[in-house]
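Shared between the two complexes below is chain A, which pairs with chain B and chain C, respectively.
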Partner chain A sequence: MALVTIKRNSPQHIAVRVLGVLLVVIAVLWVPTKMTTGNIDSMTNALALVIAASALNLVIGYTGLISIGHSAFFGIGSYATGVLVSKYGWGHGWSMIFGALLAFVFGFIVALPALRIKGIYLALVTLAVAVLFPTMMKWPKLEWLTNGARGISGIRYEELPSLPFLGELKGRDDRTVFFYWYAIMLVIITVLVCRGIVKSRMGRALIAIRDNEIGAEVMGVNLATTKTLVFGVSAALTSLAGSLSVARTGVVTADGANLTLIGSIVFLVVMVVGGAATITGPIIGALVYVWVDNYTRTASASGEGLIGWLFDWSAVSPASIILSVALIVLMFVAPDGVFGLVRRLARRVVVIK
Partner chain B sequence: MSRFFQYLFDGLSSGAIYSLLALCLVVVYRGTGYLNFAQGEMSMFCTFLVWKLNDWGMPLWLAAISGMLIGYLGGATVETTLIRPVAKRSQFAVFVVAIGLFLGLNSLAGAIWGAPPQETMPSLFPNEPDDFQRIFGASWRYQSIGILIVGLVVTGLLFALFNKTRFGLAMRAVASNADSARLVGVNTGRVLAASWGLAAAIGALAGTMVAGTTGEVVPGLMFSYFVYASAAATLGGFDSLGGAVIAGLTIGVVENMAAGYAPKWIGQEMRLGVALLIILGVLLIKPTGLFGEQKVSRV
Partner chain C sequence: MDLLKVDGVTVEFGGIVALSGLTFNVQQGDICGLIGPNGAGKTTVFNVLSRIYEPTQGSVTFDGVDLLGVEAHDIAKLGIGRTFQNLALFPSMSLLENVMVGAHSKGRVGFVRAITRFGVRREDRQLRETSMALLEAFGLAQLAAHPAAGLPFGTLKRVEIARALAAKPKFVLLDEPASGLTHSEVDELADTLVRVRSEFNLTMLLVEHHMSMVMKVSDKIVVMEFGRKIAEGTPAEVRDNPEVIRAYLGTDA
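Up next is the complex of A and B:
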């Protein structure tokens, strides 16, 4: 039995929620003002993963459609920005919007087989998409557009605005801070879109499809529209993360980070570690992922601490090994991820009725 | 004509590998109903072990057999300890565990043996530059002939195992209805573990042959082969052994012909694209594949 019981919408409940929001706002403000440049950069990286994992969560967590093809949508965003900015002189913002529209259409098309097939077969289609995408981008016939295996460079976002509350933005540190806020803006958009979908009629339809597809259809859910639409929205959101990373680094190659199948797996790991079918899960998952990645990289390089001692024999950073073990262990002890585990433990102390 | 025979023969040889891996996928799918996403990485890891044993001075054929045995034990262990406990919960949990295995084995191989290790892997078959036979104007390398023969022999043995032995009967019973099989006294747990072990062992053999052709073992060794194999399993219908073999050989021949006759459009880069278009096409037009059975489900 819980120690404390709080009534929903009572003053205490509202106070707890306001406190939560305040903590998040403080954390968001604390990062760019107090952290080192390298750490702010890692946080921006984590925020891009938050976007992709939240988008993936819509498809896998809420609708139960297995996709390992989201790296392709990430790539569509990256390449849309890369090609339009470097070859056609578009602005970054417009290229991002175009990329999202393009990804929406592609997501819609990829979901079409999902109307007839389920489970592993859909996973296979998305596998095909994930593997085909880098191959297509390196295809000699498309070289006039994508520069083949060399990729596109020189797409960096240079005209940093001077906003009143950020001050003049120049130099390396200010660039990092700018992209942090850029990423925060996109994360807010993503979280609002996901929350809006999940809390709406469509969200109930998605969960109904996941829990019992035939039952959902009988209750009047239009399977075709719902599945294709959620896939399209998810693809569009993932492409935002792709555009963001290109604007930040200024280069895109077909085998770059997050564009290959490994990218899809990273999104999946972030989503599952954080907690599937929750809004907060992907955020926690991305922070855990980036922290583990950075910590093990430095620890194994310097050979210090438990990680450095344990993985002394390892030729490369053991981050992937630790994460994959964590993934399997989580499936046994907490299938609802870190957030689910924390929530279950918290409910032993506080219950909101 | 000699070009045609060359492409045909090269296609059959690579198709034999696709068939072998597709058989692994089908054996696991028939038993448990899951696609083993870690199949390619399991065979890659076993191939590293084979290479290491050979490196320590064991003759290659003995190393390959030991690798298959280790693969069998490893596969069966994975099924009993990692897959079965979460299989009760959901298919998604099995998928996540398989992805975990994929990532884990891949990075473990990279961590133990360096990234990327450029190791010399000997071949099971004669592999000198002049080890070939000219038939119909095409050069038939002994290496490729060997792969084709091993592929056919393993397929034959699997068919015999499934259709002629008591164990095969139990496997087919579990595939058709696991609950009824358990009721009539089939030890379903042992059958499932054995099918994973069998798949891992065949995968180890396929991996050793693949590494023999390229001469090196790398963590990404089996990745494209896994994609081809899943294309073959899809085309053949996921529950048909014969379908997987025929589809594997077909895909091998088709992609070699496509790459050979359309070097500008397809060439070496888009070979994988052919296999993936086959997956997409089959699933859109006939999701059960050529030889698969339609699953009927109760509401």
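Up next is the complex of A and C:
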């Protein structure tokens, strides 16, 4: 039994919620004002993962369609911004919107097999998409557009727009701060889109499809349009993360970590570690992932400690290996992810009725 | 007036004939029992009516509409609800949410409105109220927030009926609603069905093995064996039909 029981929508409940929002706001403000430039940049990276994992969550967590092809949608956003900004002089915002529309169309098309196949078979189709995408981008016949294996570099905001409250932004630190706020804006959009869908008739339809497809169909859920549209929306959101990353780093290559199959796996790990089929889960998952990634990267580079001793041979971050092991363990102790575990523990103390 | 006309429907799976030239009508406002030994094709009839199985021959007319020209997800919109023999609930959702999904075909909010939150709260509030009222009608109100997973079979059977009624259908297909219930619960269910029929102005097609219940509530009974109709009539007529007795009890050697 819980220690405290709070009635829904009572003053106490509202107080708890206000406190929660306040903590989030403080954390969001704390990052750009108190952290070092490097750490702010890491947070921006984490926010890109929040977007991608939240988007993937719509498809896998809520609808139960397994996709490991989302790195391709990340890639579509990355290349849309890379190509349009550097070669055609588009603004970053417009390139991002164009990338999202393109990804929506591609997501819709990739979802068509999902109307016939499920589970592991669908996973294989999306795997093909993930493998195909970087190869396509390196295709010599597309080199005029993508620069082939060299990729596109020097994609930058030449002049940063001035932000309210922060004023004119100049120099490396201010650039980092700017992209942090840019990422926060995109995360807010993503969370609002996901939350809006989930807390509605369509969200219930998605879960119904996951739980029992025939049952959902008999209740009047149009499986074909629902699956293809949710895949499209998810792809479009994932491409935002791609555009964001390119704007932040100024570089896009076909072998960039999040554009290859590794990216799909990272999004999946972030989603599952944080907590699938929850809005908060991917946010927590991304923070955990980036923290582990940074920690192990430093440790393996310096060769210090257990992590260093284990992974000093590794040029890349061993975070994916460590998190994969963590994932297996987590499936036993907390099948609902970190957020699920926290929620379960919190419910022992406070129950909202 | 006939609400449902099934005419010469044949369903084949490869070489196996599940239904062969099945013809029967259901009158508006009736409770029509559909009985027969295991494997007679009763659930196949339901799956034809829900457009899950495609008949190789025959026609089905519901309320003047050619049912075989309607897609499975539009069946609910026509006013046909159903329950499943082995349940098709959504285990991770609460009972309330299960019933709310039952009204999906009546809802208006699509992806665009969901994202922009246009009219979502109002739709959800109305749905929540009507769904809660349905749960109350089936004595499930105190379990409304409980997930469907882990509840007893008999309870879930009732949830399925509530869910089937959420879209305010004209016609409900009930696949063995009394399975998993105790004797007293079966009697109670029979009363509930009769009450719900008049309250919601329903027509029902009822597959059930509890003979006493079928005989008690049905206005008409269709008896099937090996995918064919072997008898049709009022409960009294069917009970005395030699074909029916043979199908259920076998013949003397």
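Descriptive notes on the structure:
By our rule, the second predicted complex is superposed on the first by the 335 of 353 C-alpha atoms of A that agree within 3 Å, B and C clash if a C-alpha of one lies under 4 Å from a C-alpha of the other, contacts with A are read in each partner's own complex, and residues count from 1 in each chain.
As a working rule, contacts are C-beta pairs under 8 Å (C-beta built on N, C-alpha and C of every residue); 3 or more make two chains touch, one makes a residue touch a chain.
Keep in mind that what you see is a predicted model, and the values were worked out from it rather than measured.
Overlay on chain A: chain B and chain C fit together in the combined arrangement. Within the superposed three-chain model, A:113 lies in touch with chain B and out of touch with chain C [touch as defined at top]. Judged by the touch definition given at the top, the superposed model places A:144 against neither chain B nor chain C.
Number of chain A residues touched is higher for B, counting chain B against chain C. Using C-alpha centres, the superposed arrangement gives chain A a vertex angle toward chain B and chain C of 80 degrees, stated as a multiple of 10. In the superposed model, A:214 lies in contact with both chain B and chain C. Of the two partner chains placed by superposition, A:88 touches none, neither chain B nor chain C.
Once both structures are fitted on chain A, no C-alpha atom of chain B lies closer than 7 Å to one of chain C.
Overlap of the chain B and chain C interfaces on chain A: residues 214-215.
Note for the complex: chain A touches chain C at residues 192-193, 196-197, 199-205, 207-208, 210-212, 214-223, 229-230, 233, 277.
Of all residues in chain A, only 60, 64, 66, 68, 112-113, 116-117, 119-121, 123-125, 127-129, 131-132, 135-136, 138-141, 214-215, 265, 268-269, 272, 311, 313-316, 318-321, 323-325, 327-328, 331-332, 335 touch chain B in the complex they form. Taken together, the chain C residues at the contact with chain A in this complex read 50, 52, 71-77, 82, 84, 88-93, 97, 100-102, 104-105, 107-111, 113-117, 120, 123-124, 127, 163, 167. Residues 29, 34-35, 37, 82, 85-86, 89, 91-93, 95-97, 99-104, 106-108, 110-115, 227, 230-231, 234, 238, 264-265, 267, 269-270, 272-273, 276, 279-280, 283-284, 287, 299 of chain B are the ones that touch chain A when the two sit in their complex.
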